[in-house]
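Each of the two complexes below includes subunit A, the first together with subunit B, the second together with subunit C.
The block that comes next holds the complex of A and B.
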């Protein structure tokens, strides 16, 4: 569905997005992860035809995105980072208006409202909506015309855990219907749960790209953490597959002196820090 | 009419309604008509023509700034730029929606002033409104604040209004007949009906030329939603 080759782009003279290569298959959820300012939204703008002066190739739904015509958008759904709605119209009027811009058959608006818990707020004006409500409305606006490819830029940011859960379920539902989804997020747990593959993006480049599972397995070894008392509490760790070589640990076990011991698997976040040399903000 | 264009026009009218344009113009119409009767009957029709030309017809030049700035600030323009809406449809919708309300107001004022060339008034007001709205859209696409818009419209107002006022009050030279505003005013006066085909053609050419420039500027604005100056 998406194929990116040797993509390069910059807002300024200084190189920014560089050497980007990846492919996304139909029915896949593909994650863009990276620190703030890494270029995730920029990459999304390129794929959605909003930035056209890039070099290299970005083919989306069989179309080179910079050469797209207006029909390109019949099959693309975008959930922007920020609400993009008429504040003075009601939520329902907004969806009615934006829906009327497509030639395709639309999805059932009321059902969408209910799915994200806005069933009772359809006729409120958007300026009366809270931040999280606007995010949810913006999200269903992207689904309205039942597009084949969805671009979601931090859809769950600012949502409470239960609304965030609902939204993630809808995203998985869309995947099972065969929709291709590009998900940009700062939330490593969401990424690990939802994404089939993720790309770590730092300073405009892809630093690693694989399934969350493979990334965790290949980059990080499970560690054993233990503590004991020697004038004060001391915490040590060793790789799980090297416990035999840790004589201190063996001694402590012999002497029955361990205060605590547990294994810890790396999370996607640890891998991210390892791969990129920095944390997510 | 194609359905997407119709949807856009309905959306624009709804927007203009919500932001009080219809209310404001109801009040203005009433006010203008009252004002008309303060003029002596002999120049009432001329005064009405000047009123129509400089307000309901020129509405696009006054209000396009706030319309487009609202769309920019609420990022509605982003949503439109990633929908199947064509640049041409976006422009047409703005021009037609404002043209409709401008024309209705224009006809009411003209009728109150005793002008009975209503068909010509309709055509002239609408075409005049299209020209003003295109200028307004051109400027609105380029600016970031309402103040910038106000300042940038001044030269357009002068160019459109001053020669027309001179013409209307007696300074008439043949070359002035090429000025689109003067053509509009003559049409409203019901003068020169035998040359109507030529006048329509002239206005058509003007509109086409201004449209082509507007198209390029609006297209750039759509693309700059991606954040890139092209």
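The block that comes next holds the complex of A and C.
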């Protein structure tokens, strides 16, 4: 569905987006992860045809994105970082207008409203909506024309856990229908849960690209954490595959003195810090 | 490349709804009609009064043409401001950028927000000049005047959108863009070649064309307008894609 080769772009004379190569298959959820200012939104703008003066190639749905015509958008759904809605219109009027721009058959609007918990607020004006409500409305706006490719930029930011759960379920539902989804996020847990593969993006480059599982397994070792009492509680850890070499641990086991013991797998966040040398926020 | 007809029409419909829902914008749209009536009946009447009391004959007569030009360019001035005002609201709401990633596209957006209004204002200004003008114009001149005053209107809309970051600023900037129409009286009041100092104002060429009925002036005005439009277009584009 998406194929990017040797992509380069910069807003200024200084190189920014550089050497980007990846492919996303139909039905895949692909994550862009990276700190603020890394170039995630910029990359999305290139893929969605908003930035056209890039070099290299970015093929989306069989079209080189800089050469797209307006029909290109019949099959692309976008949930931007910031909501784009007529504040003075009701939610329903908003969707009616945006839907009227497509030649395709639209999805059932009321059903979409109910799915994201806005069933009782369809006829409220958007300026009466809270931030999270606007995010949800903006999200279903992207689904309205049942596009084959979805670009979601921080869809769950600012949502409470229950709404965030609903939204993630809808994203997974879309994936199972065969939609291709590009998900940009700072949220490692969301990424690990939803994405089939993720790309770590830092300073305009891809620093790592794999399934969340492989990234975690290949880079970080699982650790064993244990604690015992020696005047006060002491916590120690050792790599799981080196327990034999930890004589303190063996002693404690012998003497039956362990207070607690558990293994802890690294999170995607740990891996991210290890690979890129910095945190996500 | 074709713009989706459905998207274009619905986008324009949405534009009209926004005008319709805003009392100020409706007022702007009927104002040229009011101004036309005032010019047509008020000015000759005032002329009479002045003649009676001061004995001055035909004080206004040499300027009838100027009044006609003001009337002709008032329509695009107000209509294009209304369009710019709607666009500024849409930029505020993040809509303008979003519409370029729908089948409407950036071009469709521009056509529905500047193109269609300009065509309507072109037609309205022709009709108003035919009905209300004080001097006798042949239709081709009216069309020429309407054409160049509408280019002026588009320049105004581009300026208002490019220079202001919200609707309140837009109001202020639109007053400034009124300066663009200052070229109109120049050929009436400034004699000799010094008048050409304002060559960069398309309105100056518009007035020259109306006075001298010389096609060359019309073309020069169109050219100067296109240069302005070309220069402002980039800034405008950057604004709507913010």
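The rule we apply is simple: the second predicted complex is superposed on the first by the 276 of 281 C-alpha atoms of A that agree within 3 Å, B and C clash if a C-alpha of one lies under 4 Å from a C-alpha of the other, contacts with A are read in each partner's own complex, and residues count from 1 in each chain.
FYI, a residue touches a chain if its C-beta (ideal position, glycine included) is under 8 Å from a C-beta of that chain, and two chains touch if they have at least 3 such contacts.
Here the structure is a predicted model, which is why all the values come from computation and not from measurement.
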- Message: After the alignment on subunit A, I want to confirm one thing: do subunit B and subunit C clash, or do they fit together?
- Response: clash
- Query: Of the partners subunit B and subunit C, which touch A:53 in the superposed model: first, second, both, neither?
  - Reply: first
- Is A:16 touching the first partner subunit B, the second partner subunit C, both, or neither of them? neither
- Message: I want to verify the contact counts: of subunit B and subunit C, which reaches more residues of subunit A?
- Response: B
- Message: Tell me the contact category for A:71 with respect to subunit B and subunit C: first, second, both or neither.
- Response: both
- Message: Output the subunit A positions appearing in both contact lists, the one against subunit B and the one against subunit C.
- Response: 48-50, 70-71, 73-74, 76, 78, 80, 82-88, 97-98, 100-103
- Note on the structure: subunit C partner, complex, touching residues on subunit A are 48-50, 69-71, 73-74, 76, 78, 80, 82-88, 97-98, 100-103
- Taking the complex as given, what residues does subunit A use to touch subunit B? 11, 42, 45, 48-53, 70-74, 76, 78, 80, 82-89, 93, 97-98, 100-103, 141
- Message: Under the stated contact criterion, what part of subunit B meets subunit A in this complex?
- Response: 3-4, 7-8, 10-11, 14-15, 18-19, 74-76, 78-86, 223, 225-228, 230
- Sites on subunit C touched by subunit A in the complex: 1-4, 6-7, 10-11, 14, 21, 90, 93-95, 97-105, 107-108, 241
